[in-house]
Every structure is written in C-alpha cells, then in structure tokens.
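Both of the next two complexes hold subunit A, though its partner changes from subunit B to subunit C.
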Partner chain A sequence: MSTIAPQFRFSRFIASLFDLIFWVLLIFSLVGLPIVFIILFYIKLPIINGQLMTPYLSMTWMADPSRTLPIVKNFIHTTIFRVMVFPGFGFAALLAAATIFVERKFLAKMQLRVGPLYCGKIEGILQLMGDGFKLMSKEIIIPAKADKPIFWMGPLLFVGAAGAFVSLIPVAPGWVVANPSVGLLAVFAIIGFFPIIAVLTAWAANSKWTFIGGLRALHQMVAFEIPLILSLLGVVILSGSLNLSHIVESQQHFWWITFVPIGAIVFFITIFAELERIPFDLPEAESEIVAGWLTEFSGMMYGLIQLGTYLKLYAFAGLFVVLFLGGWNGPMVWPPFPQDIITNGITIGPVTAKFPGLPLFDQQMLNGTLWFVIKTVGVILLILLPRGVFPRVRMDIALHTGWYKLIGLAFINIFIALGLLYAGVLGPGGLLQ
Partner chain B sequence: MTTQLPPGMHIETVDEKIMTLNVGPQHPGSGHMRLIIKVDGDYIVSCDPDPGYVHRGEEKMAEYRNYIQNIPHLERPVIHDSSNILYPYCLGVEELLGIEVPERAKYIRVIAAELNRCIYILYWLAIYGIFLGHSTMFMWPAGDRELFIDLLEAMSGARVTHAYLVPGGVRNDLPSNFEERCLRQVAYFEKRLKEYEAIFYQNPLLKARTEGSGILSRTDAIRLGTTGSVLRASGVDFDVRKKEPYDVYENLDFQTIVMKEGDSYARSRVPYLEMFESCRIIKDALKKMPKSGSVRTKLKPNPKGGNDEVYRRVESGRGAIGYYIVSNNRPEPYRVKISVGSFRNLICMPYLLKGEKLGNMPAVYWGLNYWPVEADR
Partner chain C sequence: MVDSVFLALSVLTIGSAIVALEIRSLIYGSIALMITLSGVAGFFLLLDAPFVAMFQLSVYVGSIAVLILFTVMLVRRELIFNKVEDKRRRYAGIGLMLALMLGMGTIIIGSGLKTMDTNSPMVDYKKIGEDFLTYYSPALIVMALILASSITGAMTLARREDAIDDQRAD
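Presenting the complex of A and B:
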C-alpha cells in the first residue's frame, strides 16, 4: 500500500526543486568552474580552423571528432596524463588488478580448484570489483590505544611509496613519469622507505602481533636490500649509467641477463622478500603472528595496503624487465598507422572526415609498450608461481639466505661484470660498438 | 600497603625482555585452545597449553543413555575419525554384553576404520600444509579426502558422522558394487599420494624448516606417555593394531611405520606413510572378506550389562584410544572413561616448544597430532 507522505505540500515540493537548482548552480560555480579552469590551464587548447575554441565550438565536440582529436592529443602530452594514466598510476593499477585476478585463477588451477567463478558470469571476472566494493563498505576499526595519525598515515604512505616506485619505470622510449639521471639510486631510496612504513604502522597499532610482524618486516627487508642493491651493480657497471632509460637503450643488441645471470637470479630472489610473498612472507605469517603488521587494518585501509603491494609487484617486475630483459626493445611487430587516413581522411558516401590529430601514439611507442607488457607479464607469472609450490621459511633461514648466501653471490656477480669490462668483451671497444 | 593474597595465588614477576603471547582461542594458528607463550625475541621461553574450550561432557552424557543411544554422541569429539573413536566402545560393549560379531562384519569394520583413518590424516595433513604456508598442500588433501568420504557415504549413508559401527557388527551391509569402486578409488589415491611426496615432503624449504626442530627423544617419548604417530616418529615400534590386534587385524598384511629422528619432519611423515599401509589393509581386507553373510548380531531391546568392567583400546589416527566402561546391572553404563591420544600428546608441547624459535611453533604444535575437540571430550 503506497500513500503520499502525510506532510506533503505541492508548493513545498516546487520550492525544494528550486532550492536544489540553486545549490547545484552555486556549488558548480564555486567548485566546478575553478576545476575546469585548472584543467584548461594545463591543456593547451589548439587553434582549430583558424579560431580559438569558443563555447559554440565546444558544443560541436561530440559531433565532430576532428575537433576532439587535437585536444585529446594535447592532453596525452601533458604531465597529468603521464602521472595519472599511461606510464603512471592508471596503467600500473590496471596491470596490478589483472595480476590479482590471474593470480587467483592461476593458483586455483595449480591446486585443482576453479577459483572465482560466479561474479561477472565469465570465469568470475568481476570478483575483484566485488571484493573492492566489499572492502570500501566495511567499517574501519582503529584500536583504542593506537597512535591514530600514524596509523591512518600508514596505508597512504605505503601506496604513495609504491606509486613513486611505479613512476620511475620507463615503459616506452620517452614514456616515463620521472626520468632522473640517477634513476636506479632513486629506486633504492624508495625501496628503503617500505620497512620504515611497516615498522611505523606496526608500532602505532599498539598490538603484540603487529609489533612482532613489524620487526620481522624490518629485519627481512634490511637483510635483502643489500643483496638487491649489490646484484644490480653488475648492470650499472656494464651499461655505465644509472638512468633507467639509458640502461634500456644499452640493451638494444644483448640483454644483460645473458652476461650477468647470477645478478638476475639474486635480484629475482630478493623480490620475494621485498614483496613479502611466499616463501618469504614471514611478516604476515598467519599461523604464527595472525597477519603480522597488517593485523589491525580493516576495510579500505587494508585494501590500500593490498593495492600498494600489487603496485609494488608490478614495479619490481618492470624493474627486472628494464634491467635484465631489455625493457621495451624487441622486433617491430606493431603495424604502422595507415598513411591514407592521415592525408586523405575517411570517406563515407558523400561525407569526407579529416582527422588532423592522427596518429595519437607513434609506432615506436606502441611497439615498445607491447614488448614491455609481454615481458612484464611473463616475469609477474614467474613471481606468482612459487606461492603454489613452496612453504614459508623460518626467520633464521631467511636472514641466513639474505646476509650470507645472496650477498656472496652478488659479489661474484660484480666480479664477473668487472671481468667482462676489463677483458674488453663489453663496453667501449667491445660488443657494444 | 601489602595486600593479602588468597591461598594458592601468587604475583608473577614480569621480566621486561619477555613478552607474553596468547596464541588462541581466536588465532588462525590455534585450534579450539590457547597456548600461553612467553617469547624472548624470537625464542620461546615457556609454553603453557590451556585446553578445555570445547569440553562437552561426553563421559557424563554417556551415563544417561543406554548402550545403543550412546553411539551418535560418542563420535562427536572427532567427526573426521568417527569410526575409530567408536571402535573401542563397540568392542567394550560387546565384551560386556557377551555378543559375538559375524566374520563379515569384522572385515567391514576394519575397512571403515581404515577409510576413516585416511580421512582424518588427509584433514590433518591439509592443516599441516597451511600452517607451514603451503597452500597447495592445503587444497590437495582436502580435495582427495572426498574419495574416501564418498566411499563411506556409500557404506553408511552419512558423509561425516557415520555412526556406522555398532555393538554387534555394523549398521548395514555394503552396497552391491562397493568392492570394485573401493579398489578403483584406492588405486587412484595411491597415485596421488606419490605426488604429495614430490611437492611437499621432498621440498627443500620444508626440510630446512622442519628437520631438526622440536626433537623428542625415544626415552622422553616413552617417559611423557605419548602415543600414536608421535611415539612412532621417535623410534618406538608401538601400534595397537600389531601389539594387541583386535577384530581381524592379525590376519591382515601391513607394517608399522617407525622413524628414528623424532623431529617435526618425522612426525609429519609418519602419518603420511601410514596412509600407504591403510590402503594395503583395505585392499587385503577386501580380498579376504567373506563375500556374503550376516553383518550384525541382533541385540535384545535395552540390553543390560552385568556387574562388570572392561577396558578396550584401538589405534586411531592420533594414537591409542581407550574406553573404560563400568556397568552395574542397568541398561545405562555406570561410568564411561575415554582416554584419547590427543590429550596424551599435548603434554609434550611445553617440553618441545621450550627454547624453540617462534617460527617452529606451528610445525611442532600440529605435528603432535593434537585435536583439541577430542582432547576436551
């Protein structure tokens, strides 16, 4: 039985509609317009047909792609696009989300299960979205005696550090968010942040389990950071540069993994410790210390940590590809953009449409991205594999591996690189010429 | 001001370096119990197991029901091993009431008990795997367990709590095509077991983690009164099925698995190897079983035991289970005392965990083959 609300007055309803329109206009003019102007400040508006964009022209965007494309092209070359969409956060988050889904299906196949199946009809493809919504709708519980500012800051710092790491990975020639001349040093500096974040949040949560987990994370990451740094020195010696883009360019003919395979293996093992993945997931060992330094996180705070972890996973896989597997280098397989469309446009019946902005991306960049993604996905699959094969190691074994075995191997690797350099096999006068 | 403490209480002195951890009852690494662990850094200083969270008073309940009504609730402590926990009860009541069991029923009981032992060990192995962070070893045994659950479902009609063994035989006969189906599934299972060896027991990381940790010497194992796989992993050749054979175990061909090391690795491996022997027993029993005949001796309604007492024990998945039953000319037993393997193995946990690393705690804890619900009864 439905009835009109007892207090209903038609005049008040009309008044409330006007009220609503007033507030929408007010908020748009106070908040929306400045945002529009900020965006316009960053995007250079092109001059189309000899005239700058007018409000009338802006209305014809939808109908005429020849007006839209130049604006899109200009937007693509802004820094905002790089940070938010392509080599930056959006691209990495997309790969990270795909990684989570592939990990679940891959592991399920290994363990004779089906994995996510129902959500989204096709093989549970929407399961991740469902999990994300669930985490967002959950209550965030903070322990009563926690140090609240630091506890809140932990997940944000974690995602921030992971995002900073992602921004240093060059995806295609010229396509990198930040390209400092000491890129590899910046990577080492960012990796050094993660144990600090772990210990800070663990201490701030004021729980015994997080405390033990934080200390374990600190011990493990410090123990594996040194072999990580040493294992990459071989590549630096051979390529003579700390800039990641230069390192990729130096591998046009030979990948460095062919000359310094020991360094690649050591780096690959340290990735597991830095990512806290099995067999080195001691800081989160659930049968010993509940969930380690993540014990007290709930809701989207935990979701942010997971997002950061998978961003970090992508960044490490990308770093492995950049340093050892030749980055974007590969045979040209991407077809060139048809020249006919650029010069003559497309003719459909009586209408001929010209697209002055095409092509949006050049062929080099698309080909480089393709090879980079193929190699990165391969490395990510190799990183996922041990979760189905290995048990967790013990703390003393992990530390022994890090401080003793891997550092020894890393030094051997450095000597091999130096030997290759001084024997004249590589470098000036060697194979690189 | 000094406060007068009640007698028996004392103030505990707290060392600044030592942290007390309550592992359980709300902890992914504990069962329905609590371990009060004191750690100094990564090393365990002392461990105090605190069972009793799932005490259900099975022994008292048994005093209010007659001998047949006791069957369903007595299997509740270990629903994964329900045939084996009922076995000594049935043997004891048969002796009290003077019942003869048909030959075919004895073989069917042995088959049911061995199938149930495999179900229990697979469940135990699955949790052992996930306790060590090996998720594949969690999924594989949990999936292969279905083979035996299906077989026992065909035998008894229930998937987990079978109530299949009764004083006087078994509840009902085998289905018509059981023998062929059982042989097929056991053969497949033996093939699967060999894959466990490759992925779990020969895994170098597992060996590095469990070999040489939590060593229980032969003398300590005997002194502390452990039983079952813990005892056999410490080099003591003791199996109730061999030493005090009940029903038809003396006719069947199998071996006792004994390992000398006494460490976590040996304790994890002995039950695994026993599954091969269980498969041998099942195949042998199916061959030697009389193909037809009665499977249950009819009892009088509401049978009364004499003024008598009896103690019978069998080998379960967790060690020897003993039932001490006293009757006093009434339809209900006067007293039923259950001695379970879990509780006897629990006692060596403080000995084993003292001085161990915290990372060894799950391996040592679950390696003791301790099932909290059964220990509390």
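Presenting the complex of A and C:
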C-alpha cells in the first residue's frame, strides 16, 4: 500500500492544479512581464527584414506560421543556439546519452547476455530515462567529515570542463562553438584540468577509497598526458596549423591516419587512460576500491559525473575523427533540398502553403554532420569494445606503458612526420597538397 | 568591456594570491594558487597572446599546480610547519611588498611604456615559430638540447633496476 498520499482525491488534485495555474498567471503578469521588459530594455534586439524585433512583433510573427521560419533561421545562427543546441551541449549530450544505452546493450550482446530488457517493452529502450529519473529523485548524501565546498564544486567543475572540451570540436564546416587559432593547445589545457578535479574531490570526500582512487587517477592521467600531447604533434607538423577546423580542411584528399598511423594508435591508447576505461580503469576499479574516486557521490552529483564522463568520451572520439579521420570530409551523399518547395510551396489538395526561408540548413552542413557522426559513432564503438574483452591491467604496467612505450612510439611518430615534411612529400608546400 | 574584464581579472588574481599566502589550509592555498595562475593566463588572453595563455594553463595549472597539490596531500602539515605567529613579521612582509611594488611601478612608468602602441595587430604564433627557426635558432637549439637531456634523465631515473618481477610487462 502506498504511503506517499494516503488521502488522495482526484477532485482535490484538479482543484490544486487550477490553483497553481491561477498563481502562476498572476505572478507572471505582475512580476514576470515587468522583469522581461526591463531585461529587453538592455538587450540589443536584432533587425529582421528591416524591422526592429520587439517582443510584440515577434509574438505577431509567431502567430503567422509562414513567418515563423525566418525567426527560427535567425535563431539558428546565434551564439546561444551553437552553445546550447547544435555543435554544443545538446548535440553532445544526445550522443552521450545514446552511448550509455548502446554501451550496455553492446556489451551484453558481446558477452551473450540480454542487457536491459524490461523498461519500455522494446529491448529496454527507456532504461536510460528510468535511470535518469532515479538519479534525480535520489537524496544527495554528503559525508559527515567531507570538505563541503570542494565536494559540491567537483561534479560541476567536471561537467564544465567536459563541456569546454566539447565546445572546441568542429562538427561541420563553420559549425563549431569556439574556434580559437590555437584550438589544439586549448584542448591540452582543458585535459590538464581533469586530474585536478579528480584528486580534489577524492580528497574532499574524506574516505580512503576515494583518496586511493583519486591518487590513481592523478598518476595515470599525468602519465598519459605526455604521450597524448606528443602523439598529436605529428598531425600539427603535417597540417601546419593548430586550429582544428584548418586541420580538418587539410585532410580533403588524405586522412592523416594513412601517414602517421603510429600517432593514431598512441593517441587511441591514451584515450582509454584519460577516460578511465578498461583496460585502464584503475581509478574506478570496482572490485578493489568500491568505485574509486566516485565512491561517495550520490544522486544527481553522481549523475553529473557520469554525464561529464560520457561528454568527454564523445569529445575524445570527435577529436580523433577531427585529427586523424578527416572530420566532416566525405563524398556528398545528402540530397539537395527540392527546388519545388522553395519556389512553389507545398500543395495539399486545395491548400497551398508557402514557406519563405527554406532550407534551414545548407547541404554542405548536413552532409558534413552526417559524415562526422558516422565516423564518431564508429570510434565510440571501438572505445567501448575493449570493455567486453580485456581485463584490468596492474598499476605499474599501466604507468610503464605510459612513461616508456607510448612516449617512445610518439617520438618515432614525430620523426616520421618530420621525415615526410623534409622530404617534401607532405606538409605546407609539399608534393601531395 | 576589456577594462571591466581586466579589473575583474586583477581582483581575482591578486585576491587569490593573497589567499594563497594567508590561508591556513594548505589545500585551499593551492587551489587559490591555481586561480592566480589561471588569472595570469587570462591576462595573456587579454594581451592577444592565446598561445602563451594556453601554455600557461596547460603547464602551470595542469602540471605544476598538480605537483604542488600532490605534495601537499601526501605531507602532514604539522611535520613541516611550526606556527610562528608574529605581528611584526606580517607588517614587515606587507611593507616589503608595498616597497617592491612601488619600486617596480616607478621603473615601469619611467621606462617609456606609455608611448607604446596598444592597437597593433595580433602577432600570429606562426610568426613566432618562424622567428625561432631563423633568427633565434641558437636559442632553440640550446632549449632543445636541455629538454632532450632532461627527458633522457627522467627516463633513466624512472628505470627501476631493482624491481625483479616476472609478471612485469617488459
């Protein structure tokens, strides 16, 4: 018997809903609207079709569906759309969420299990939503002797750093949130923040499991950061740029993986260590130290850390695609937008509706996004694959791999790239460009 | 815009530097040091030098601050510090700092810095690279030798001859 609402009555529920609507309307009209107008007074409003875009005008246009599309199109080209929706957070979070579900089903199929099955009737498709609701509704428990400010800041900083990483990945020509001239260096700078966050939250939780896990994370990430940086220098030498969009454009004819495969392999191995995935998941080794540096997190704090981890996974896979697999380059397979609709509109029976402002996205961008997503999903699946195959390595073997073998291989890779450059085969002013 | 950002960065950098010196908790002190170093990176960004700013972040915040944090966490505070609470020392420190800042300020103001053009275009990092490979090539060679020898030394130090274990990977 449920004890949440013992005296539940449907009529009271309906009455409470009306009550709520009344108060929301009252507060919105008396407090909300004045605040909106005060804010709009300070914001520089755009001019569309020669008219200044006031709130009343925008509402008038929204009422007419044939005029909605220019407003939507204008919104698509704003910075806030880029940050929140398309190449930024929304797109990455969607891919990350899909990755979580696919990972569970994929591993299950690999190990002859069924994986999540019951939630949502069809192959457990709603399992992720159920997990999300569970995490949001759970209580957040702070350990008694924890250092509260750092403990609270940890998950937020983690998601923030992962989001900053995501914002540097170019998805389609011109579609990137932040495009600094030194994009690759910015990536290195952001990667440097993750071990700090891990070790600080691990220390703040005041538990031996978290502290051991945090120290392991610090050791491992610092050890693998150096081969990571060195392995990417080959691409920088050959493409002659640190800007990620320029690096993609330099791969119009050849992907860099064909010339510096050793760098690609070294970078791919370091991805596992930076993401704390099997075979290098020592910081979260669940059979040794409970859950490593995540042990004391509960509720949505744990959810934020997981979100950050999968955003980071997407960003690393995207970086691999951008640097070695040609980014958005690929054959043009996306069909062009039908001219008929642009000139004549859509005719359904007697009604003809014209939509000025179509198409919303050009063909280049859609084709680039398609190829980028295909390649990124492939790399993400390759990153997920070892979890079903390999055991966890020992700490000294992991560090030995990082400090010895990968650094050595990365230097060999740099010499190969330099040889190609000085032989005049590739690079700026080379034979093949 | 730039002025307000500059002001906010200055307050952040100097304030967290004072916190880093004065706070009792060593962990919070090292966090404040990180904020100071990030603030310096912000100054480089304001000065149109993103290349230096990113290296400031990845080297100072990403490596050196981690090293400090790591050391602080593994050392017990009582073993390295005995508290010396002395008012006169503190005032002497503040006075010394003020004197230093005044001296450096007079030097900088007297050095003709005001006549510099502040609207000159941003220097591309590729130009810096070209300069390094042509005019400053001896400095580059010396730096490369130092770095190569330090990497070789680090790898030699990391080699453990004493560990005999047939389960090792090598």
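Following the convention adopted for this analysis, the second predicted complex is superposed on the first by the 365 of 433 C-alpha atoms of A that agree within 3 Å, B and C clash if a C-alpha of one lies under 4 Å from a C-alpha of the other, contacts with A are read in each partner's own complex, and residues count from 1 in each chain.
Everything that follows uses one rule, which is that contacts are C-beta pairs under 8 Å (C-beta built on N, C-alpha and C of every residue); 3 or more make two chains touch, one makes a residue touch a chain.
Note that this is a predicted model, so its numbers are computed, not measured.
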Which of subunit B and subunit C A:290 touches, first, second, both or neither: first
First, second, both or neither for A:112, with subunit B first and subunit C second: first
Which of subunit B and subunit C A:99 touches, first, second, both or neither: neither
First, second, both or neither for A:196, with subunit B first and subunit C second: second
First, second, both or neither for A:186, with subunit B first and subunit C second: second
Which superposed partner A:222 touches (first subunit B, second subunit C, both, neither): second
Which superposed partner A:376 touches (first subunit B, second subunit C, both, neither): neither
Which of subunit B and subunit C A:389 touches, first, second, both or neither: first
Touched partner set for A:281, first subunit B, second subunit C, both or neither: first
Overlap of subunit C and subunit B interfaces on subunit A (superposed complexes): 394, 396-397
In the complex with subunit A, residue positions of subunit B that touch it: 19, 21, 27-29, 42, 129-140, 143, 199-200, 203, 205-206, 208-209, 357-362
Subunit A partner contacts - residues on subunit C that touch it in the complex: 27, 31, 34, 50-51, 54-55, 57-58, 61-63, 65-66, 69-70, 73, 124-125, 155, 158, 163, 167-170
Subunit A to subunit C touching residues, read off their complex: 147, 150, 180-182, 185-186, 188-189, 191-193, 195-196, 199-200, 203, 215, 218, 222, 225, 242, 394, 396-397, 400-401, 403-404, 407
Touch list for subunit A against partner subunit B, complex: 107, 110-113, 208, 212, 278-279, 281-282, 285-290, 387-397
